[in-house]
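A short write-up of the structure that comes next.
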Amino acid sequence: MQIGRVIGSVVATHKEEKMGGLKLLLVQLHDLRGKPLDAYTVAVDSVGAGLREMVLVAAGSSARQTKTTEGKPTDATIMAIVDSWDVEGEVVWDRERE
Amino acid sequence: MQIGRVIGSVVATHKEEKMGGLKLLLVQLHDLRGKPLDAYTVAVDSVGAGLREMVLVAAGSSARQTKTTEGKPTDATIMAIVDSWDVEGEVVWDRERE
Amino acid sequence: MQIGRVIGSVVATHKEEKMGGLKLLLVQLHDLRGKPLDAYTVAVDSVGAGLREMVLVAAGSSARQTKTTEGKPTDATIMAIVDSWDVEGEVVWDRERE
Amino acid sequence: MQIGRVIGSVVATHKEEKMGGLKLLLVQLHDLRGKPLDAYTVAVDSVGAGLREMVLVAAGSSARQTKTTEGKPTDATIMAIVDSWDVEGEVVWDRERE
Amino acid sequence: MQIGRVIGSVVATHKEEKMGGLKLLLVQLHDLRGKPLDAYTVAVDSVGAGLREMVLVAAGSSARQTKTTEGKPTDATIMAIVDSWDVEGEVVWDRERE
């Protein structure tokens, strides 16, 4: 999975019928140190993630292994909201500190 | 999914038989801010997208999860037409403004 | 799918038994404007593509959705021969003009 | 598979229900010579890997082929702990020498 | 598939149980002209490839379509040993000439 931040959403009224009712969030990927990268994905939300939350995105066929996305044409799904992460024993990012 | 714009189409009369009748569109990928990238994909259209529309493309096995593409040898499918998207609360792109 | 040109072939007498009899073609990927890129794939041919033809290559599990490649360990398959493509209403490449 | 080192872990109390109880480790990818790369993945651990161990990560649908990860929305799984590797007959990295 | 050379092997005594008995080879990817690239993969061998042989590697779910790797958590498998390849009618690499 990659770490990213929810920075917006995509409106698409005309979409494949199986995608009806799914929230499409814009996620900017981040590096190990929590720095935003020049890369993004539009992901289906399966955990109720909100704007500016740091999340984990699963890509490829794994994006279809949630109840929300089973059998649907999505290649990216938010499957966790990140509380914190550490690198070499040091907390790099913590939602409480934001 | 990645955001891209339909900028053309590909003609291929000689193709794998399961691909018969499918529209092959040329989609130039765009970044978060709506800037065209130096990357593209040839995608099967499952939603009736037209030239110059901004769309979402699903890649990999997810590209086969639409009625149009089930069981077909496509690794990229347009599964939504984008109306608009926002970043940090600001509308970055809106089809009404084009 | 990506656009590429068949520029050669690979000989491999010792291969996984399911790959027996399959043609392995060397495909150089091209950009939207028909310019060769510094990237390639070795693809199984499912449509009788010849040397120097421009083709479409499907990657990943989609490469196994043709009659030729079903259940076989290939991650790239030529599933169409390109006649022409256009960008912004202008023909960029046409096999008749080559 | 790619070689990487476990350099931390990710805490995510709110995640897709199937991910319950799984350990999410932060793995920094390394090159052939054992040099850390500017790339990472958040992987599910299927072998009891510990902090600072060098591991192998399987990506994509292959990440779901372990007992720990079957049917779960993970696109990266640690499926081996590396003891050593050699390049051109020379040992490049050995956990005994660390 | 990508072309690469077997340049070493990885020892991992502690691995996912389904990986037992499989040989893990280090493959350095090569470009069209046979020049080594700054990229590698650790692949399961399904054809008895030896050190310094040039091989084809299948990635993703296709890596599991061999007898050796069926149902196993590998995302890269050597499925052919390369004898030679040509580009634009000229032999670029031939194992007899090495």
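Each chain carries a letter (A, B, C, D and E) given by its place in the written order, and its residues are counted from 1.
Everything that follows uses one rule, which is that contacts are C-beta pairs under 8 Å (C-beta built on N, C-alpha and C of every residue); 3 or more make two chains touch, one makes a residue touch a chain.
The shown structure was predicted, so the numbers you read here are calculated from the model rather than taken from an experiment.
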What chains touch chain A and also chain E?
-> D
Let me have the rounded angstrom distance from the C-alpha centre of chain B over to the C-alpha centre of chain C, please.
-> 20
How far is the middle of chain B from the middle of chain E, if each middle is the mean of its Cα atoms, in Å?
-> 33
Note the residues in chain D that touch 2 or more other chains, in rising order.
-> 60-61, 63-64
The ring order, beginning with chain B and continuing to chain C, is B, C, E, D, A
Provide the residue numbers of chain B that touch chain A in the complex, in ascending order.
-> 1-3, 31-32, 46-48, 56, 58-67, 77, 79-89, 92
In the complex of these two chains, what residues of chain B are touching chain C?
-> 7-19, 24, 26, 28, 38, 40-43, 51, 60-61, 63-64, 71-76
